[in-house]
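The letters A, B and C name the chains in turn, as written, and every chain counts its residues from 1.
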Amino acid sequence: MRARSVTLAELAAELELDYRGDPATEVSAPATLERAGPRHLSFLANPRYRRHLESTRAGIVVLAEEHLAACPCAALISPDPYAAFARAATRFDSSRDFEPGLHANAVVAQSARLGRDCRVAAGVVVEANARIGDRVHLGAGTVVEDGAVIGDQCFIGPRVTLCRGVTLGQRVLVHPGAVIGADGFGVAMHRERWIKVPQLGSVVVGDDCEIGANTTIDRGTLDDTVLEEDVRLDNQIQIGHNVKVGAHTAMAGCAAVAGSARIGCYCLIGGGAGILGHLEIADRVTITAMSLVTHSIREAGVYSSGTPLQRNLDWRKNAARLRQLDALARRLKKLEQD
Amino acid sequence: MRARSVTLAELAAELELDYRGDPATEVSAPATLERAGPRHLSFLANPRYRRHLESTRAGIVVLAEEHLAACPCAALISPDPYAAFARAATRFDSSRDFEPGLHANAVVAQSARLGRDCRVAAGVVVEANARIGDRVHLGAGTVVEDGAVIGDQCFIGPRVTLCRGVTLGQRVLVHPGAVIGADGFGVAMHRERWIKVPQLGSVVVGDDCEIGANTTIDRGTLDDTVLEEDVRLDNQIQIGHNVKVGAHTAMAGCAAVAGSARIGCYCLIGGGAGILGHLEIADRVTITAMSLVTHSIREAGVYSSGTPLQRNLDWRKNAARLRQLDALARRLKKLEQD
Amino acid sequence: MRARSVTLAELAAELELDYRGDPATEVSAPATLERAGPRHLSFLANPRYRRHLESTRAGIVVLAEEHLAACPCAALISPDPYAAFARAATRFDSSRDFEPGLHANAVVAQSARLGRDCRVAAGVVVEANARIGDRVHLGAGTVVEDGAVIGDQCFIGPRVTLCRGVTLGQRVLVHPGAVIGADGFGVAMHRERWIKVPQLGSVVVGDDCEIGANTTIDRGTLDDTVLEEDVRLDNQIQIGHNVKVGAHTAMAGCAAVAGSARIGCYCLIGGGAGILGHLEIADRVTITAMSLVTHSIREAGVYSSGTPLQRNLDWRKNAARLRQLDALARRLKKLEQD
């Protein structure tokens, strides 16, 4: 972590926020309300953790105005304390800093082009004709196949696979184990055997995207699979071939999008949610966790499927009735008619 | 992509299809209806894309007879345009072509046996007693553990793990990040602690199977986990220990099969579907996306669980009623009796 | 497999179990009831397989007293045959045995500390300041980033990623493709763009944990993500940032836990189950497969959500009614009032 300390006044100026307390109050690291000491910057965003505010020993807390009265220390006042904290905490984050250098044990093909000030860690393999921008980080064991293109300032973690010909924009962050550009899943039945549908497209990832650990993004069948700028994917997400994900859309862990779906901008896709193929989802649609989207969604809003959690004994009784639901509805109708 | 062009007459002969138009019409690559130009082969399979047919600039379109009238160019007529297109497009796919060679940076144990004309990329590790057939591709960073066996013409992508002793048939295609042969999940509680159940079986993958990116197939506890021939698994699928998957079955992304389940031939398992352990599923069963199979299925057919997507406000009201469904059914019964 | 044979009397003494049959009966490997021969140890735990008992050719079977009469051979009698078998079978498992040694192709940073009798396979990368205990196994292609700490006798499979600064206790087993310590998924919207919330915590994994293939465990935002001792995670599980998993809890494949959830001890989380963020789950809670936990659970017990599998035709009818469920309930109420 960078050993940089900062005063309340400096933070307030930087974040353009009002504050309360001694402007010279200094903090040098972030911490939770529970753990913070006098040199820590903390925050209150989720009201669940309100109970920890009154007893915090933090030096400075970022919070909404409504919680100011309960705050025992210096405070930065923001209508969105989570975002304000994130911006402030970034200055304490050194995890993306690196020393440039090409490890002796890395393998870079002669025809590959490597920009200035990159770090290429041990065990990296960069194959023929790959083009890598400036200040790019390639973590240990990462593989960049033939002809893949990586924009400036991308940070690729360890053990990532970028398949042949995929393109990443600038400042893309890819976490360990992610696979970008494996074949889409295309098979067709012919004389009682599967034949493989060639996957001849590629993947194009826009600027400022983030791709989670062990997430997979398949190459297109003919056209490309596309993530527009600033798309944020958590871990173990599956993006099928030919999918298009609009700018600023975020998906939580284990969400899956089947082939040729088109997702709008500023969507929020909940963890484990599924989106069937060939659908269109409008901008600013939210899908709650583990919902299944089976038809196109034309209007912004929040959508859900699924059933509530119950004690198993109650659930069994209710679930058994689900099998009879249509019959129940018909019986009700009949009673009404009588 | 191979620079091979082909005429309408040649394609028609090869695929045994009727055609319409100038038999000398030549195409040299496939493309979607929207993007195709005069040198492109295209297809219409999903009626959703029918609107692009009339305006396509493609040289040749593969389509069903019913769409022929609307087609502005040469056409190949097939009752199954998707399969016909797949067969035709294969000739333009060079992604599985490779130059044989053992990279200086690969590590192959002395006791391992390597067939003719293999490509072993940089960063590959082949451990003791592994046996690898002819014309096998091992992508960068792939690990083949002790005693694993790989049949002729398998294409293993980068960063794959084949654990000790697993066996792949011929022409198996394994995508990046897949793990074949990790321990099955076997634990038993003893004196309030878990003890591990040794996983002493292996994995046997039949000829012509395809295994998706980051998919995991566990080794058996005592017997082997088995994929029969021509099984097609998409990305991020989990196959538990002792599972048997019948020939020609296909599973979409993120499906999961728990231990000791036995799945028939020609089944279609939808994305994100779950199959509990120790079940049997008959041949030609289709499970729709995100359904959970909790009991054996004895008859071919289509099976589903889950609830339809709704606006969250409506869903909340209906979901609340689900908790009362058994009570509602009883109240209805009482009314009927009155 | 170790070539060690053992007698019925020795096994009975070791496991503290009663037995029936010739105490000198000798077995040298485990096998299923169906496959076993006279030199095999087998077991009957799941009553589904009872039909194989009478015809088994096994030398010794571990079983519950109620099945003793039907057993045609020597028997070890246990109230929990699965656990007893697991303990007995461990002696035949050599998969965790290894020859110590540092492969010439492995890369270990000068500042890293490596304990006694470790195996560091080909393609391993151990970065600066990592500390690795005694008798640790690092499989081929595994990456240990800066400052990670691995306790004695950990067995890390091939192609694992341990990110900077994570800590594993003793005897932890990590399967291929697992990623421990990637960034948690933290983003906040600011002026219509996402900003990344720095992930400054780490991951702490307790003694005797097992982490499945391609499972991901994210580092905490400020505090650490914690697995207490003896936690057992199957494949493709996702553990979000700041999560705490209590001792002896087990999760089946593809389960996912969102950020900051706190799960008790001795919980059983079914395959594909989802747990939303910031929840608390009491000790000894069981969640059935593919259920979604949307609120805290304060009491031990079994909990479920979801709907039963049906033929698609029936399911469609019932699912359509689900959209009207609230309306149906109101109509019923009205009838009752009339």
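Convention: contacts are C-beta pairs under 8 Å (C-beta built on N, C-alpha and C of every residue); 3 or more make two chains touch, one makes a residue touch a chain.
None of the values given here were measured: they were computed from a predicted structure.
Can the chain contact pattern be summarised as a line, a ring, a star, a complete graph, or none of these (other)?
Basically all the chains touch each other, so complete.
Call it same or different for chain A and chain B: same when shared residue numbers make up over half of all numbers used at their interface.
Shared-number fraction below one half, so different.
With centres defined as the mean C-alpha position, give me the chain A-chain B separation in Å.
25
At which residue positions does chain C touch at least two other chains?
123, 141, 159, 177, 214, 236, 254, 272, 290, 306-308, 310, 320, 322, 324-325, 328, 332, 335
Which bits of chain A are touching chain B when the two form their complex?
Touching chain B from chain A are residues 107, 123, 125, 127, 141, 143, 145, 159, 161, 163-164, 177, 179, 182-183, 185-190, 192-200, 214, 216, 218, 222-223, 236, 238, 240, 254, 256, 258, 272, 274, 276, 278, 286, 288, 291-295, 301-308, 310, 314, 317-318, 320-322, 324-325, 328, 331-332, 335.
Which residues of chain A touch chain C once you look at their complex with the stated criterion?
Interface residues on the chain A side: 1, 29-32, 35, 46, 48, 80, 82-83, 85-87, 89-90, 92-93, 95, 103, 105, 121-123, 139-141, 157-159, 173, 175-177, 208, 210, 212-214, 230, 232, 234-236, 248, 250, 252-254, 266, 271-272, 289-290, 306-313, 315-316, 319-320, 322-326, 328-329, 332, 335-336.
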